[in-house]
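Input: a single structure, listed below in structure tokens.
Chain lettering (A, B, C, D, E and F) follows the sequence in which the chains are written, and residue indices restart at 1 in each chain.
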Amino acid sequence: MGHPVFDTASVVAALHGVRREWREAQQRSSEPGGREFPSRDALTEVVKSLKGVLFPMRLGPVDLRQESEDFYIGYTLDAALHALAAQIRLELRLYDSSKPAERLQAQAQSLTTEFAQTLPAIRRLLDSDVLAAFHGDPAARSVDEVLLCYPGILAMIYHRLAHQLYSQGLPLLARIWAEMAHSQTGIDIHPGARIGSGCFIDHGTGVVIGETALIGERVRLYQNVTLGAKRFTTDAQGHLEKGQPRHPILEDDVVVYAGATVLGRVTLGQGCTVGGNVWLTQDVPPGAHVTQANARQERAAPASVAQPLAFNL
Amino acid sequence: MGHPVFDTASVVAALHGVRREWREAQQRSSEPGGREFPSRDALTEVVKSLKGVLFPMRLGPVDLRQESEDFYIGYTLDAALHALAAQIRLELRLYDSSKPAERLQAQAQSLTTEFAQTLPAIRRLLDSDVLAAFHGDPAARSVDEVLLCYPGILAMIYHRLAHQLYSQGLPLLARIWAEMAHSQTGIDIHPGARIGSGCFIDHGTGVVIGETALIGERVRLYQNVTLGAKRFTTDAQGHLEKGQPRHPILEDDVVVYAGATVLGRVTLGQGCTVGGNVWLTQDVPPGAHVTQANARQERAAPASVAQPLAFNL
Amino acid sequence: MGHPVFDTASVVAALHGVRREWREAQQRSSEPGGREFPSRDALTEVVKSLKGVLFPMRLGPVDLRQESEDFYIGYTLDAALHALAAQIRLELRLYDSSKPAERLQAQAQSLTTEFAQTLPAIRRLLDSDVLAAFHGDPAARSVDEVLLCYPGILAMIYHRLAHQLYSQGLPLLARIWAEMAHSQTGIDIHPGARIGSGCFIDHGTGVVIGETALIGERVRLYQNVTLGAKRFTTDAQGHLEKGQPRHPILEDDVVVYAGATVLGRVTLGQGCTVGGNVWLTQDVPPGAHVTQANARQERAAPASVAQPLAFNL
Amino acid sequence: MGHPVFDTASVVAALHGVRREWREAQQRSSEPGGREFPSRDALTEVVKSLKGVLFPMRLGPVDLRQESEDFYIGYTLDAALHALAAQIRLELRLYDSSKPAERLQAQAQSLTTEFAQTLPAIRRLLDSDVLAAFHGDPAARSVDEVLLCYPGILAMIYHRLAHQLYSQGLPLLARIWAEMAHSQTGIDIHPGARIGSGCFIDHGTGVVIGETALIGERVRLYQNVTLGAKRFTTDAQGHLEKGQPRHPILEDDVVVYAGATVLGRVTLGQGCTVGGNVWLTQDVPPGAHVTQANARQERAAPASVAQPLAFNL
Amino acid sequence: MGHPVFDTASVVAALHGVRREWREAQQRSSEPGGREFPSRDALTEVVKSLKGVLFPMRLGPVDLRQESEDFYIGYTLDAALHALAAQIRLELRLYDSSKPAERLQAQAQSLTTEFAQTLPAIRRLLDSDVLAAFHGDPAARSVDEVLLCYPGILAMIYHRLAHQLYSQGLPLLARIWAEMAHSQTGIDIHPGARIGSGCFIDHGTGVVIGETALIGERVRLYQNVTLGAKRFTTDAQGHLEKGQPRHPILEDDVVVYAGATVLGRVTLGQGCTVGGNVWLTQDVPPGAHVTQANARQERAAPASVAQPLAFNL
Amino acid sequence: MGHPVFDTASVVAALHGVRREWREAQQRSSEPGGREFPSRDALTEVVKSLKGVLFPMRLGPVDLRQESEDFYIGYTLDAALHALAAQIRLELRLYDSSKPAERLQAQAQSLTTEFAQTLPAIRRLLDSDVLAAFHGDPAARSVDEVLLCYPGILAMIYHRLAHQLYSQGLPLLARIWAEMAHSQTGIDIHPGARIGSGCFIDHGTGVVIGETALIGERVRLYQNVTLGAKRFTTDAQGHLEKGQPRHPILEDDVVVYAGATVLGRVTLGQGCTVGGNVWLTQDVPPGAHVTQANARQERAAPASVAQPLAFNL
């Protein structure tokens, strides 16, 4: 008694000092002001609404009835779009805080409108993903089961929405959605990756797909597959060269089995198959079957001498 | 001003069109009606209750006291069983929507009763799993710590409940619980897999166990272990042959270290050990130790020529 | 009608029997009493508060303003410390339930005070982790994005807090936080692991870091990296020898690419690089680049004959 | 220790006995079964939805926008009507539990449809109430303020909805809504009371309006006004005669000031005024002003000898 | 920019000063410490549980079934009693903070046990209240409707529980429950009032019943009835004499109509009736009917000269 | 089947029509836009925070400790003030929607600052109210009990905050708070009323205090007291004359017992007492005791002939 149990005040002061150092180092203002930054919570709500908008009778509210779907969608979508526009404005402001508020607002609305108009196409793509999973997995009993249970489908819902934002120049919002999917499914798809219709990721835990990956139609991937980059190239000054295509291209109907690693801007030709745990840094011709055995031989060959020792995604 | 910010109505109409196409393609009714489909939220509540019923003083409510455990269990269990019966009815209805409501109801109640009666045995199995983790991990300090902290135990709670439903002909509900476990732990056990007592999955992220896997007693698995199927066999018409045993058999006391992949209906003999990252598609005799080195030799041998190039789970 | 739908009472009785058996086998009391055990829910609240205390304008409440940060931190920290002290008391009581309540209380407060005083240093370490991620990932656009989106950063926040508790002799609380991080990120760091500043874990799913691992400064790890132990050593009586250093040492500036497995008390020298999927059980000299190819050669050499067949974390 | 802190079991047993006595006395079944009774919580949700449906931009969700009102109303109304139909079915079942489930269901849907069709007229009546309050209170600054702040308006919203249910033969549901209003506003209007347009109840606490009251248009009432019944009449056997008109008739434009009590089937003629605290059991001619003074004189006159000594509502 | 929007810090300081003044004036400690005071929120939870314990199929959880009532009651009651014991300990501590913690704890448990044992009798009393309301109100259609809808019943549930605590020397907890009832129903019954079985308070808003009131069996009260005290008597030193009986006694079968005021330790004889708005400060013989008219005559008589000019409850 | 259960669409359309009519009649825009109106929910949060700020250890969070009061207050107050400023801006905008957003914002911040600076004085006034209740009620055992339990104190907390807003020209926000108090306590104080320190309203249900009432120090009021206006005066054109003083003045130390009605701009002189149920429309000299008897005589006197027949608040 007589003095506080914990010397909270001194910890507060010390934390204050650390924050000040950080802000000075980062050239951040220490001035009064609120958080002007996109909100994970707000985006969680938006994506929850959009899931209901896309699949009202499966991911919408339990008491929804088919005859009032459009009412539900209209209301939910409108509210979600306004909430999304507010987040878009916050991201735009990060890139140019000097822009007048009205300009930011108008730009955010315009981007939101554009986003909204892609939703029907996104639904159509997701339908193709659901069918691909249904046809690709002998254990699947119905398309509804696939939609409700398969982590690969959940990851595609997030990805196709996030990729749209990414394509519109909103990488931060896109990233937040991508990481939500990653946390829930263990599937880590960079929102920049372009993925064709009918994509099926089975099991999924540990899958990593890099920013510039190009994936064709009807591609199937299993758990722990990495579609990564090799070591980053640097320019004459030693700076990383950004934005270069550096992840694999998978043409239509490619299958990559569990644990396989494909690195660099290589092309897996149409219909080829990459076996489990295969380590691959070269092109594969259409229709080929790559296994650990023949992949190892390649690596032993002189051609592979040129392979980089390390890689990165 | 003067017109809506977003042209929500046209997006609503477009989405309507996509849904109609999907429903026509899937031969689904577009008639009025509610969602007659099992609910993930409802099953989340049921499993939460069952966890409390099975381990009242650890996973039940914080204010529970030992002297009123039975009161708590009786009330919670009864409510959970009624909620579960409702979900079972919904799954049964999917398989035969023409069956009269009373029949469905009676069948659901009968299945629920059967499920309830297995709970004591499930608790006993889970106790053996907890002990196995406690004895198998030098870092474990108490059985309580194991029960509360180990993702492998959480996965087994879900699996043993889900497997019971699966065995009673309710694969969809079973799958929903399995995916909840998968999302929380990264451990993906198909509810069809049969697992003996004293199973310990350490770390667990990336583990995949297939539908027809048979696992004996006191088996230990580490992260990223796959117990999968080889390429699906097809019949003369090229259709997948379903329901065939296609995943490994692990006899009692087998240990499979991290990253190992075991594919096909092979048998790992009692007490054998599979080393880390080993790729295995053949039987292993009891007591043997398989490492990457000797596994590779096998594969190089003629016998392995017959190995399929690709596989699937 | 006329009898209960489910024979709940008999299931309650059977479960009662199983619990009694368990408690007898575990020599637990069946006497009246409440749950005297640390609470996952309570610790969830504490860590949520500490995240806000450490990064108020990013992980604190949405309506917080910079000018009232210290008010927020002071209030939140004080409440969180009292809540944490209560949990610490519960863990201490597990180890010595005969200790008088006042002694436990005093010890818990003293440990909490010590914990609180490390928070500024922890924030500083986390700042270094954020910068490391920002500089190490070409896709990162701002330190804020890193803090909000990167699972590797989330894992480090949990780890640095959990490690502090572990270091103060509170392994159970530490473990609970570690498993929360594991569930959310797929990154499984034992709270005993010591990790220097500027640590960056990219993608992260499937990473496992063992209890006695020692990690220097500016180390980078990718998904599915294991820093584990080899087979446990047992003493003359066949008991596991606990507490021995048994996980790798990574000196400053080491990089370990995706899927690599490093086992045992080996040392990866300063600035060395371990390639993807490499399997490593020997020391690596500073600056070296280890790839699958040269790692395999090692294993083929006589020296590796002595390698154990199996391992464990 | 060693025995429960509280002898809960014996209290449970004693309560069991009291319930059994009650159920026997009430000739209730003690057989297994759930609660087949309308739910206050469910009706709370329904009325919350209906308030939003009636006044979307004021009592609907905060983020609603005028351009999506109809979407919101359509979805919310449909869900609310289904929820209401379920409650109606429960009330109908109370009155005739032998009726087949399909019949109850059909009847409930038909009643709900009828209810729904009155909503536009109810909104129109409520608009007239809002205007009456706005014009009647010099402190009111806008119709919005009236809608949001005035307890008299809140009471009318509940009453007009409850009265509709009452008129359709659903007095229990109606009563539950009426009591919600009573609890929130202190205004106790029996759902049977018929009230014309433009009704304004100012302050309101303590107002009681009986079941057979008839209130014309543009009537104003102040706090603590009672429109009650005199002593119940009983028939030859001493049974209460139910359903007889026994509460006052207030013609158009009547004003009753605070604390006035009007009892029995008297008629207050058009445009008359009843002063504060007046006690009134006789008709009042149109346009008259009744004060405590002249009311007292009446009572002293022979005519009032016939007045009953007591009254009831 | 550059300074806080609001000068929060100076308001904080000024509020600090006002609190210090208050604490000094009240001789309160300003030392560190938590709130050691009964919690309204905790008591809200306890009473909610007790309502379910007393009327499980009407006020318990919606999914409760008759066959598991006892399970529900046992669990809920035990948890509620422990929570109540904690609140009782806090009230006891207010009266004697020097008492050792163990003594307070033991006393609290003993009082809680005593409280628990009265619950069956309280349920029996409440059943009599329900029947009284059902028989007394021609509008009542079923006992269930009465239990669920009538504010008078709700007030009696709170009162009978609160009165028990009051009788056990816990006036503060009792008062908190009484005020909850007051807020919800407008009925203000001091927990000290003793009320016999079969009490029916109709409408109820504005009813006030004082601390030492004694109410017999089958008594009926209407809205705005006051059973109050006359002016407080003071002793020679001018201090209020506390604890003296100062509120009315109502013998069995008394009826008091709306708005009547009865003040002082007068006795209303068995079966008498007090008319609406009557002002009464004298005894009433059994069977009498008091109306405004004859009450006024009394007051005009010399005997009433001695009536105090003012009163208080 | 085959058609919607309810014809929701036609009800939606009909409601649309009613709203359009209303908006046209009220000359409201039917254009797209959100709700630009103060939010009851937001104000509920603000007042909850302010209650904690004013009485941190009694009405603040349960886990608050005295040593961190200022931290809590600083954070909570700052957030509450920003939230309040947003609501103030919305009210200001109602009065002049043409004002530029920046002007509205600046004005709202200035008004909020002014409001914040009165909080210490408001706390001091409330302390005087608590003491008045404690000293005025023989049943009160501690000031804490008074603060936590007495509806009169709750009403004064709301009123003193609401009155401050009213005085700053924000009658709508003030009204919303006043009605929250009304709903919870049955006490209806117009936020315009000016009330001196040490005010005690006992029981409180049914109390109504008008907009221009002036109440001195140490005044005591009981339940159902009305301090109202007589009939509104109208000007030559028949319009209500607003803003004129029309409610009573109560000088210091006045006591008004339950049910008394005081109407018009009369003055109750210092220390006078008004008995229960008295009806009063004339001045009362200091120190006088008014009872029903002597009040009636007044009314019988010629002077009272001039009394208006009706009144209003």
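Note that in this section a contact is a pair of C-beta atoms (placed from the backbone, for glycine too) under 8 Å apart; a residue touches a chain by one contact, two chains touch by 3 or more.
Here the structure is a predicted model, which is why all the values come from computation and not from measurement.
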- prompt: How short can a path of touching chains from chain B to chain D be, counted in steps?
  reply: 1
Statement: Overlap of the chain C and chain E neighbour lists contains A, B, D, F
Task: Please name the chain that ends up farthest from chain C once chain centres are defined by their CA atoms averaged.
output: D
Same-interface partner of B-D, chosen from the options A-E, A-B or C-E, over half of the pairs matching: C-E
Message: Taking the mean of the C-alpha atoms as each chain's centre, how many Å separate chain B from chain C?
response: 26
Cα-centroid distance, chain B relative to chain F, in whole angstrom: 60
Query: From the C-alpha centre of chain C to that of chain F, how far is it in Å?
result: 55
- prompt: Which chain E residues sit where two or more other chains touch them?
  reply: 4-5, 8, 12, 31-34, 63-65, 67-68, 70-71, 73-74, 78, 82, 186, 205-206, 224, 259, 277
Query: What graph shape do the protein chains here make by touch: line, ring, star, complete or other?
result: complete
- request: Mind listing the chain E positions that touch chain D in their complex?
  value: 53-54, 56-58, 62-67, 69-70, 73-74, 77-78, 81-82, 85, 109, 112-113, 116-117, 119-120, 123-124, 127, 138-139, 141-145, 148-151, 184-186, 202-203, 205-206, 222-224, 255, 257-259, 273, 275-277, 289, 291-293
Task: Can you check the complex and tell me which residues of chain F touch chain B?
output: 1-5, 31-33
Query: Quick one: in the complex, what on chain F touches chain C?
result: 61, 63-65, 67-68, 70-76, 78-79, 82-83
Task: Enumerate the contact residues on chain C facing chain E in the complex.
output: 4-5, 8, 12, 34, 65, 67-68, 71, 82
- prompt: In the complex formed with chain A, which residues of chain B make contact?
  reply: 4-9, 11-12, 14-19, 22, 26, 29-35, 37, 39-41, 94, 171-172, 175-176, 178-179, 182-183, 186, 188, 190, 192, 205-206, 208, 211, 224, 226, 228, 232, 240, 242, 259, 261, 263, 277, 279, 299, 309-313
